[in-house]
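Here come two complexes built around chain A, the first alongside chain B, the second alongside chain C.
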Partner chain A sequence: MTTTTRPTVSRRISNALKQNRGRAAIIAALAFIFLSGLFTMDTGDWVITVLRGLAVGAITFLVASGLSLIFGLMDVLNLAHGELFMLGAYVGWTVYVRPDTFMDMALPVALALAVAFCAPFLAPIAGRLSLSVGASRVVGVVLGVIGFLGAVWAFRRFPLSIWDLEQFDKTPTSDSIALQQGVQTVPEPAAWTGSAVVAIVVLILGVLAIVAGFAVVRYRTRVPEPTNARNLIPIAAAVGAVVVLLAFGDPMTDWLYSISTTYRFFLALVVALAGGFALGALIEIALIRPLYDRPIYQLMMTLGLGFIVIELVREVWGRPEFSMPKPALFAGTGDGCPGEGLGGLFSGCSTVKFLDTRVRMYNEVFIITVGVIVLVIITLLIKRTRIGMIIRAGVQDREMVEALGVNVRRVFTMVFALGVGLAAFGGVIAGPALGLSPEMGSRVLLLALIAMAVGGLTSFPGAAAGAVLVGLLQQFVIKAGSTGIPLPWSDQPFQPSPSLVPVSVILLMIVVLLVVPEGLYGREE
Partner chain B sequence: MALLSLSEVNTFIDQYHILEGVDLAVGEGEIVALLGRNGAGKTTTLKTILGLTPAASGTIEFRGQSLTNRRPYEIAAGGIGYVPEHRAIFRDLTVEENLRIAEREKGDYAKRKDMILSLFPDLARLIELPGTKLSGGQQQMLAVGRALVPDNDLLLIDEPSEGLAPILIQQMMEAIKELSSDTTVLLVEQNFIVASRLASTYVIIEEGKSVHAGAMADLVDDDETIMRFLGAA
Partner chain C sequence: MTSFAPTRASLWSRYRLVAVALIAAVAFPFIVGLLSGQSPAAVLAGEAGNAKFLQGLAIEVFILALYALSYDLVLGVTGLLSFGHAMFFAVGAYASGIMLKSFGWPFWVTFIGVLVAAVVNALLFGLVLPRVKGIAFALVTLGLSSVFFIVVQSSELAKYTGADVGLQGAPVPEWIDTNVHRFRVYLITLAALTIAYLIYRAIVRAPTGAVLLANRENEERALSLGYNTFWFKLFALVVSSLTAGVAGFLWTVQQPIVTPQVAGLGWTVAALLMILIGGVGTLTGAIVGAAVFRLLEYYLERWFGGTAPVLVGASYIAIVLFLPYGIVGTWRARTVNRRQGLDRLRRLFGIRARRSQ
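Now for the complex of A and B:
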C-alpha cells in the first residue's frame, strides 16, 4: 500500500505564492494602500471608509455577479445591465412610494402576461402555416405592430393613478418628500377611461397579435419544443392574479398604504426581483436568442436596449432626480439614538456609534449584509445545485452539456433572468442610499465591468472580489480627497481631485490586467 | 430493422460541404466501426447524428423516428450517449459531478454507479477530485463512464484510444467490449487493430461519402481495401 506524501502546509503556501506571484503582489499592494490609511487618518475615518467601500462593493457586486454569470455561460455581454438596475430602482420606488399606481399597473400587466404565456400553444399552429421566409416576416411584423399599437391604446384606458410631472405637488419628488415626513395621503383612485370591456378585449387581442407575430417568424420551419401541461401553470397563475386584482384591487391598495414602510420596502425588493427575473427571461427569449450566432449584433442590441430603457424611464417618471426615503426600520431617531456599539445595531436607530464613527444603518450595515447574503446564496446555488453544476460545466463546454441531454437554452434563459433579477433587486437596494436618476445605471455598469475584468470575466468569485476591491479603492480615493495623503518629499499633502476617483478605478484594472492578464480569479486559456 | 440509419446525409459547416452523402446502418446490439482517413468526416457524422452540426439534407432515423430538425438535447434524451474525442470532460467539476451531470432521471447515477466503477476501477479513488487533476487516460475513462450514466440505447464513441498508452488501450477495449453486451455502439477509431478487434461491421468514409461497408471479418483479410481507404495495413 502506498501513501501519498502530503506536502507540508508551509511548502504548499510557498508553492501557491510562486504560482500566483502577480496576484499576491496586487493583493499585497492593495492591502498596503488600505491599511496605510490607518496611519494617515483617524480610526473613525478609516472604519467608515472601509464600510462605505464595502457597501459600494456590495451594490457593484449585485450588478457584476449577473454580468459575469451571463458572460461566462452565454458569451453575452449585456450592456443594458446597468439600465435594468436603474429600471429596478424606479419600479421599486413606485411599489414603495406609490403602491396605488403599482396596483393599478398590475392588472393590465397580469392580463398581458396571461396571454403571452399562451405562446407555446401558438407555436405549433405557426409552424403548420408553411409560409415563405418573406411572407412570414411581413405577417410577423404587421401582426406585431398592430398588436403593439392596440395594446398601448388599451393600456391607457385602464384606471392608472399616476403623477403629473407638470405639477410639483403631484410629482414623484413631492411623493417622496411626503412619505419621508409622514404626511403622505392616499391619492384618489383613478377611473376607467371609456369602456372597461373594450379596453380589456383590445389588450388581450393586441398581446395575442404580438405573440402570434413572433411565433410566425420564429417557428416557420423549426420544430417547436413539445408543449405539455406544465405550460398551463403560468397561464393559470396570471389569470388568477387578474381575477384577484379585479375583485380586491382597491382594498389591497388601502392595505398597502396602511402597512409600515419597512414591509413595503421588502415588497418592493420582491417585486423588483420577480419583475426583473420575468423581464430578463423575456429579453433573452425575444431579443438575445435570435442573435446567438451574431455576437456583434447582440452587443449593439443590448446597448440600444439600454438607451430605450433610459428614455422610457424619463418619459414615465420624469426628468428630475428624486429620492427614496429609507424604510422605517433604518430611519429611527429621537430618544436613545444614535445607538452605541454592537448592541446599537438592533436599536432601530438610523445611525450607530461604532469605533469612533457614526455608521448609517441602511447605507452601510444593511447594504453590506444584503451583499453578503446574496453572495452566499448564489455561491450555494452554483456549488450545490444541479443547475449550478450545469452552469459550471456550460461555462467550459456548452455543446457537451447539450449533448448529454440538457436543454441548455432553458438554462441560458434562467441564468439571464436571474442576472437581470439581481440587477433590479440591486437597484432597489441602492435607491435609498444613492437616490434615483436615469444615469445611475451607467455609473454602476462601469464599476461592474471593471470589477468583472479585475476578477477574471467569467469567474463568479472573481466578480465578487473585483467588486469589493473597486468599491474600497473608490471610497479611499474619495476620502483622501479631503484628508490628503502625506508625501515624504513635500509639505503639501496630496489631495486627489474628484475627477481622479474614476481614474483610480480604471488604473486598478489596467495594472491588474498588465500583471495578471486573465484577472485575479481567471484561468489561463 | 436497424436501430440507427442514415441515408444520403449532407452536412455543411459554415460554407464547407463536409458530408456529401453518408449512408450507414447500425443494428441493435452491434459494434459498428466508422473508418476513414483524418478529415474524412467521421467526427462530423457523429455530430450530425446528435444534431450538433445539423444535417442540411438526408434522413437520420433512430428507432424509426426521424432525428432531423431536432435539438441536440432532445436527440440525446431519446437515448443516445456521446463520448467526444479529446476527452471533453468538465474540468471545474469533480469526477462524481461529471457523472452526475449526465443524469437524465433522478437516481440514474446511484443506479449505475457500481457498474461504471467496476468497469473503470481507477475512477473510484478519484471520485472527489476535480477534472483538472486527471491524467489523459483517466479523463477518457470518465468520458466513457459519463455516457453510461443515463439509460442509453446507443453510444457514439469518438477515438477512445487516441493518445493512450498501450496498457490503457487494452483496458479501454475491454471496457467497450463489456459495455457493448447491452448497448449498441457506433465507434470512430483510427487505430485499425483496435477497431477490428471490437467491431463486427464497418463503414468507411472517404471525403464525406460512405464508400464501403461490410463485415469486419471480411475487411481484415482485404489488404487492398485497407491500403486504399485507410492508408495502412
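Now for the complex of A and C:
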C-alpha cells in the first residue's frame, strides 16, 4: 500500500533502526553469537544447546514474569522471589514423593484456614472495643504471640509422618532414590500425640487468637462491613475439607500412593500454584502493605523473608541436595525407546532422537512447552481481561488509576499472589531437571533479575525475551567451555571455566543497561 | 537529617558526644577487665580473658562501622542506590591480601596500594554514573560486584586470590598483630573510625554536603540550580571507596584471612542492614547499626545455635516494622516530642521554656 502521506516501508524500517541503534546492535551481536555456533559445531550440538537455552529461559521466565509484574505495578523488588521458587519446589517434592506427609499437613492447615477466614466476623467486635492506637497494638501483639505459641503446641500433637533427618535411610534423599528405582515403601501412618480433641481445640483457639489480634489492630477505627453470605463460602469449603480429611485421610493417602507418578506430579503442580498464590496474598497483606511508603525497607523485608525461608527449608527438609524423580510419562525406557522424530514425542520415552541428537523429553521438551503455555496464558490475561487492563494501566500511571476509583490495593494483592504462585509452580517444574537444594533460589533469582533488566524492568514481554536471551547465552558459554572460543591473537582457544559462566550473563546486563538504560523492550520515561 | 552547625558554637558543644563516646570506648576494656577480675596492667599486656575477647569483638564492630559509614554516605546522604558496595570493601581486603601475601610487598607500600586501588574502583563506578539512574544503577553496580566476586573465585586467578578458599594468613608486621597487641589494634581501629566519622560529619555539614543532600532529594532541581551533580556524586563515591578500602585493609590485617564472602551480595546486604537498623542518612546510625548487627549475630548464634539465622531474620523484620526510621532516626524523630513535653512541664512549674532548636 503506497500513499503519499505515509513513508515507504523501507524508510520506516530505516527510521526504526536509527531510533533503536543500540537495541539493533545488541540483538545483532547476540544473533551472531548464536548463529555462528551453526558453523563451528555439529548441527546436533547446536540444536541441543539451543533447546537447553530455551529450557533455562523458560524456568527463568516463570520467576522473572512475576518479578517484573510486581515491580512494574507496585515498585516492589521482591528479593525473596527466588526463595519462594525454592519453597515451591520442596513443597511439590513432598506432594510427589511423600504424599502421606502432605495429607497429614493438609489437616491442620485446612483447620487453621477455616478459622482464619472468620476474620471479617470479628471486625464488629474489634470495632466495638474502641482501643487507643498503643493499646490496640499491645493487645494485638499479645494475642498474636499467645495464639502462635498455642498453635505450635497443638501442631506438634498432630499425626505428622515426616522423615527422620538423623537416620540416612529415612531422609528425603533416600525417599528420592527409592522412588527413582521404583521401590516405594508406604510409611506407617503416624498416631496422634495425646488427645486428638485437645489438639484440635487448642489449634482452633490459637489461630482464633492470632486472627483476633490481627482484627484488633486492623479494624480499630473502621466501621465494620456488614457480614455477607459470600464470606461463608471459603469457611464452608475449609470446614468441608477438614471433615473429609478426618474421615477419609488414610484411604486417600493409600490411593495417592497407588496412582501413577504422572498424576501425582500434576497434583504437585496444582498444590504449588495454589499454595504459592495463598502465601503470596498473605505476604502482601501482612508484610509488604505496611511498607509502601518506604521502598528501601521493603527490600530489607523481602531479604529477611528470604533468609527465613532458606533456614526453614534447611530445618524441615535437611541440608543436602536431593533429586526429584521424573514423572512416569517422561521416564519410559522400554521397547521402542528412544523415540524417533516428531512421532517420538508421544511415545512416552525419556529421550527422543531428533536432528542427529538425543533430546530429553522432560528437561527440554516439557519445560519449554510449559514455558510457552504460561507465556500465552499470562499474555491473554494481561491483554484481554479486565484485571489485565487495570494492571497495564497501573504500570503506566498508578495514581491515575487510583483516582479513577479502581481498588488498586486489591489488584496489588492479586498480582503479588499470582507472581509468587508462578514462582512456586516454576520450582516444581524445575525440580526434576535441576534437583533440589536450598541454594537453587538465589541462582534463579540472579538470572531472573538479569532477564528483567535486559528486557526492560517493567515490561512483561521484555521479561520473557530477556529470559530467553539469558538462557541461550548461558548455555552457549557453557558449550564454549568444552569446545573453546578461538581468539585472533593467540592460537590457544580460550576455554572459560564453569565458574566464569555467570559472568557472561552479567556482562550482557551491564552492556544492555549502559547502551539502552530502559532495556530492550522498555520505554524512555 | 543532619542540621547545619551553628556558626559560633564552642569546641565542647561541637564535639561533646564524640568526646564522651571516645573516653567510654577507651575505658571499656579496663572496665570489663576489672569486672572479671583482671588488673589494668594485665589488660594492657593483652592477657587472655574476657577483656581481650570483647576487644576482638569491638574491633570487628569498629571495622564494620567504618564500612557502614561509607555506605551511608553513598546511599543515605547522596541517594545513590548501589548494590555493589561490597566490592569497595572487598577491593581493599583483596588488594591488601594480594600485595602482602602474593606479592610480598611491605606494609606501608601495601597501604598506599590499597588507597590507589580504592580510587580506581570508585572511578570505575563513576564511569557508569552518567548513563544509569535509580534501580538501573543498582543493577549495574550489582553486576560489577558480582563479576568481581566470580573472578576472584575463578580457578584462573587461583595463584593470586586463592580461588574459593581465599587467602589464608597474610603476613602482618608484628607491631600490629592482633593476637599480641590487641589493645593497640583496638585503639588504631577506634581512631580510624573516629577520624572517618569526624570527616564525614564535616563533609555533610559543609556546602558540599548540602549539594549531596539536594541530589538525594531532587536531582533535577539541584541540576537546574547550576550544580553539576556528577562531580559531587563522584566525590561521594571516591570518599566512600577510600573509607571502605581502609576498612577492608584493617579487616585483612586483623583477621588475617581474606575470604570471597566479603565480595558477595551478602556483604552489601550486611551494610544495608546496618544502616537501616541505625537509620539511613544519620552517620551515627551507621555506627549504632554496625554494633547492633554484629552483636545480635554473635550472641544469637551463641545462645540459640542452629536456629539463630531464623531469629536474626525475624528480628530484622521486627526492626523494620517497629522502628520505621532505624534506631537513631526514630530517636531523633521522637526527640522533638520529648522536648515539647519537657517545655510543657517547665511551663507548668513557671520556669521559662528553653529556646527550642
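Assume the second predicted complex is superposed on the first by the 509 of 525 C-alpha atoms of A that agree within 3 Å, B and C clash if a C-alpha of one lies under 4 Å from a C-alpha of the other, contacts with A are read in each partner's own complex, and residues count from 1 in each chain.
By our rule, contacts are C-beta pairs under 8 Å (C-beta built on N, C-alpha and C of every residue); 3 or more make two chains touch, one makes a residue touch a chain.
This one's a predicted model, so the numbers in the text were calculated from it and none came from an experiment.
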Superposition on chain A - do chain B and chain C clash or fit: fit
First (chain B), second (chain C), both or neither touched by A:A196: neither
Partner chain(s) touched by A:I382 [first = chain B, second = chain C, both, neither]: neither
Touched partner set for A:R294, first chain B, second chain C, both or neither: second
Which superposed partner A:L514 touches (first chain B, second chain C, both, neither): second
Touched partner set for A:P502, first chain B, second chain C, both or neither: second
Degrees between the directions from chain A toward chain B and toward chain C, using C-alpha centres, nearest 10: 80
Which superposed partner A:V244 touches (first chain B, second chain C, both, neither): neither
Contacts of A:L305 with chain B and chain C, given as first, second, both or neither: second
Smallest separation in angstrom, by C-alpha atoms, between chain B and chain C in the superposition: 13
Residue numbers on chain A that touch chain C, as the complex places them: 77, 287, 290-291, 294, 296-297, 299-301, 303-305, 307-308, 310-312, 315, 446, 449-450, 453, 457, 497, 499-500, 502-503, 506-507, 509-510, 513-514, 517
Touching residues (chain side chain B, partner chain A) in the complex: 50, 52, 69-73, 76-77, 82, 84, 88, 90-93, 97, 100-102, 104, 146, 150
Contact set on chain A toward chain B in their complex: 221-223, 225, 386, 389-390, 392-393, 395-397, 399-409
Residues of chain C defined as touching chain A within the complex: 75, 81, 128, 131-133, 135-136, 139-140, 142-144, 146-147, 150-151, 153-156, 269, 272-273, 276, 280, 306-307, 309-310, 312-314, 316-317, 320-321, 324
